[in-house]
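Here come two complexes built around chain A, the first alongside chain B, the second alongside chain C.
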Partner chain A sequence: MNYYRHITVMKFAIAIIFTFALMPLHAQPTADQILERVDRNLSSDNRVFESTMIIHGARGSRTLTSRTYAVGEKRSFTEYLSPPREEGTKMLKLEEQLWIYSPSTDRTIQISGHMLRQSVMGSDLSYEDMMDDRKLTETYDATVIGSEVLDERNTWVLELTAKVDDLAYESLKIWVDTERYIPLKEEFYAKSGKLLKRAVLSDVVQIDGRWFPKTILYKDMLKQGGDGTEFKITDIRFNENIPDYIFSKAALKQ
Partner chain B sequence: MKTALKLAYRNLVGAGLRTWLNVIVLSFSFVVIIWLKGIMMGWDYQAKSDMTDWQIGGGQYWHEQYDSFDPFTLSESHAVIPEQFNKEIALGDMVPMLMVQGTLYPQGRMQSVTIKGIDPHQNLFLLPTHRLDTVVDGIPAIIGLATAQDMQLEKGDLVTLRWRDANGTFDATDIVVVDIFSSNVPAAEASQVYIPLQTLWEMSDMEGEATLLTFRDEDEERAEVQGWVLKPKEVLTASVDKILKTKTAGQSVFYIILLLLAMLAIFDTQVLSIFRRQKEIGTYIALGYTRREVVGLFTVECAMHSILAVLVGALYGIPFLAWQAKAGWTIPMDAGDFGIAMAQTIYPVFSIGLIISTVLIVVVVTTVVSYWPSRKIAKMNPTEALRGRIQ
Partner chain C sequence: MIRFLIKGLYYDKSRSRLPIIVVAIGVMLAVFLNAYITGFMGETVELNARFANGHVKVMTKAYAENESQLPNDLALTEVTALKKELSERFPELDWAARIQFGGLVDVPDENGETLSQGPTTGMGIDLLSSESMEIERLNIRESIVRGRMVQQPGEALLAEEFSRKLGVNPGDEFTLISTTMHGSMSLYNFKLAGTLSFGNEAMDRGSIIVDIEDARTALDMDDAAGILLGIFDTGFYDDERALEIAYTFNAGMDDEDEYAPVMKSLTQQSGMGQLVEVTEKWSVYIIAIFIVAMALVLWNAGLLGGLRRYGEFGVRLAMGEEKDHLYRTLIYESVFIGLTGSIIGTALGLFAASLLQGDGIDITGMMEGSAMLYPSAIRTRITPTDYYIGFIPGLLSTIVGTMLAGLGIYKRKTSQLFKELEA
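What follows is the complex of A and B.
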């Protein structure tokens, strides 16, 4: 009798141990759920923000400030506010097309094809990088490959593999804050597995119930010299009422 | 006429130093004009021959989207090689080339390049593509001297190359510079990296595709092919013709100045001799010469300067031009910076046509200039002329 009782207690104990052992696994969301939460934080129906782009080159730094209006993933309008040389330069993105207006020549040119892959004003970002706003869940398959502590924050390390053909980067590695669901670091890889670009996201703040990184430092890892391009959002507002005329070619010349 | 020529010759030689000064100046114009025209012809010949050997072969088929002046068209300029060319390619008489835009990172600096995929076993171009058939710690690549100098690359250097495949996805790997060539053709060198075609097909997911198809035989009649634009050799070398035309026009100013100087001397001599030889003119007329004959005599006499100049020019010009044709003329600055097919040393080419046409032009111009002041003779009063009075 004692023997059977002992066995029952043992079974119960094992069951409890397993339950507790498995609890953290149940608590950890799947890679897709993490990506979905990340998308929810980073994407919005519309946003208006002012930003500063500091391009750290080998021979010094340049700072550009701009104001951007964006609706969904397809439409955005950016106006450069400084320095004086770039002041008044405007960029309009509609669907897959991009136009740039230069006040010095008073001309609007369309950037297409390979030109989209060129650097934006000498930064580590291409026009294409700035234009591709598709959600991560739509473009990548994700797997959690581990966890790390990054700047005293717990993160899940996710490996993302492209699930559509037309992406600039075949695979990504992202470090997602386990509490705030914001990537704190992103690495962009070539098909060969070579590390091409790294982004470090910081100054995470809560705005309108969502977490958002206000500073992103991009670095082209193949390029030597220079400390990359720092993208700082100085002011951001979500779900503003943006008039439609802003997203027209006529608005470029105003 | 014979007497006129004899008289003219005697008068000319009798004038001594004045004649020889004119003759030397004129002969100098002859030689310089022939030399300059020879340089132009030499450049034309050399540029086209270098372009054939390094860049265009006997002509090319371009993908319909390809625009050599717009590198941004490259992403759209590729298609499967038409089957009808398979035999010609197998025989080595056609070389397909795929072009992809890429970024090279020499010493970590970003440099935009065109990646050209080419068959390592081709022999249509002088490019040392056989060196691409080498096993190294990366993709074997050859580059032109201009690119090597711009990017501070040397043979054996390992450098990272980044490109995008047909879908626009980034890829990157290391290439090894296995050879550096020098071609005199900037279009074959500037910011270009040659790698094996098969490798580029795999890298870009563009298996069996090409941007350009270069053929060897320029004389063969060729048909238009759907999706490709036929560019015969004369179309591809039209840029050289245009540049030479502009240069020749610019040089004409120089010829005119040279001839003007020589003709000024001839004109002066003629005016002076008519002024000083009035008695002689009067005597000719008194002896029964018609005024027209006297004008002819003076014109022939002065125009004979050019004949003497041809002979004197030949004396020193033939050895000089022959030496130049052999040794060539080295441009006193870096010809590669001009951006056009141009060798550092140009070997002038002197054709019989060039020499005869130049001689004819100078003789005709001299005759016209000689005739101009002689017309005054026709208005002279013979009696006054005989007295030697100034009219």
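What follows is the complex of A and C.
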């Protein structure tokens, strides 16, 4: 009897030893889990923010300021506050449609087709970039392809491949901070594998329990000259009460 | 003797008819083709000079490299000072700043919503200042189909065909959607003053013409311009001088600075060099071809004539006429034939050219999608050269043909002449 008991205890002990031996010291989350955490940081039900866009062109820099209201990923409204030439210009995104209102002409024009690929205010961002607010988990399949240290931060390097058809970029490569689950660098690729755009995210701060990058430096790799566009969020508030009328074409002319 | 030879040619039609017909046809073609080349090619060169290339053109180095994309972000800046400098250094040229741009013309309905929209290629030119020669240069006033000329800022001219397609009429407002010099989207309202028809496929497809100051405001191009065109005061392109001016100007520029202005002569731009060269050389080629071809035909005709007049030459030689004299009279005859054929051919060639000098042949369909500006019709242009150019192949070919065919005279042997005549 003692013998069988001894054998059972031994088996149990070996099983426990093997189980612990096979467990890594720091369990690495899967690519999907990483993306989910990234989405949790970057997406929100709604947000209101003011931003400064510094466009470092080949012949000088220009600064634009704007205020944006966004609800989910389908609705957003941006009003440009400066410089004087752009002041009062408004952009409204509703579902898949985008309108721009110019106060000097008092015209509201829908941006569609190839115009969506044009630069927003001469920046390194296109209207298409601004339109797509969908979560990464909804649009891309991810694989962890390595880890790197980026600006003294440990990151996982993820390769993302489009799983829906209507995306501006076929694949992405992102460097995700292993502690804060924020991409610190992103590279956007075309179907051919050509690098189209690069973004470097910095000034990561904690707001309402989430990590958020307040500065993003975009660089359109196809654009000749210039040092990219610096997009700085000067003020951001999540879960605000945004009135519905803001997301209407009538609000553009107000 | 001359009268005797002419009488001989007149009464013996078999001696003169065929050579005169051959010469006349050849000369007619030479005259017509010369008028055609002068007309079509010359018009193409001038059209491109006036509308796009100037006799010389100043752009930034970077703009020149990407010119087909109309890259206004690479445009010239501080244009007023540059234009002043150019006028002082090269006073024989009239300088005109222009802004070329692409975009969309958006026509609103009564609620301000888009009613119709179409892609456009536009040009901002000096329409409103009194010293500007642009209106005359582009023949704008004469090209107006409906409405009137631009008279104040905020007015625009659209191609007639384009305006009809969009459903916009003189007096209506529309919005130009384009891109500023800094890459922002630009929206600017214009009132349609009038519609134009340039008679050129590339221009009539979808062009808009506005005053350069409006273009500057719309595209945020303060004191900037895409190109500065220089046109010789004489109105005629002088390649040698244009190249010299361009060389002098470029010598003082910084090679490293991509925004430094560079000057290009007409022949240094987009295939125009080849066109000008071809225009200059084709007349020479055509004349050379006709001289050779007609000389061959007339040589052949001379040989046949020689055979037919074998007996006559024999009698003349037997009667003591010198071979050299006989050969010379044949050449004199050929001069009369050449002159007669050339006169008839020139008259016919000028008549044919005059038929195509007015309206010409419409070739719009053939020029669809062409990058270079071509006239919409093939038109000939009769110049003083056409009155004498046909005489060169006309006379040379008959003389050369006769000289070759007449060599047979020297092979006749006096000792055998009577035997031949008896036979």
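In this section, the second predicted complex is superposed on the first by the 228 of 254 C-alpha atoms of A that agree within 3 Å, B and C clash if a C-alpha of one lies under 4 Å from a C-alpha of the other, contacts with A are read in each partner's own complex, and residues count from 1 in each chain.
The working rule: contacts are C-beta pairs under 8 Å (C-beta built on N, C-alpha and C of every residue); 3 or more make two chains touch, one makes a residue touch a chain.
What you are looking at is a predicted structure, and each value in this text was computed from that prediction instead of being measured.
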Fit-or-clash call for chain B and chain C when the two complexes are aligned on chain A: clash
Which of chain B and chain C A:Asn241 touches, first, second, both or neither: neither
Touched partner set for A:Lys194, first chain B, second chain C, both or neither: first
Partner chain(s) touched by A:Leu222 [first = chain B, second = chain C, both, neither]: first
Contacts of A:Gly57 with chain B and chain C, given as first, second, both or neither: second
Partner chain(s) touched by A:Asp166 [first = chain B, second = chain C, both, neither]: first
Clash with chain C, by chain B stretch, listed 7-15, 97-105, 331-339 or 367-375: 331-339
Chain B residues within the chain A interface of the complex: 71-76, 101, 103, 105, 107-110, 160, 162, 164-165, 167-173
Chain A-touching residues of chain C, taken from the complex the two chains share: 73, 106, 108, 112-114, 175, 177, 179-180, 182-185, 187-189, 220, 259
Residue ranges of chain A touching chain B (in the complex, touch as defined): 112-115, 117, 128, 162, 165-170, 188, 190-192, 194, 196, 220, 222-225
Touching residues on chain A, where the partner in the complex is chain C: 55, 57-59, 62, 85-86, 100, 102, 104-111, 118-123
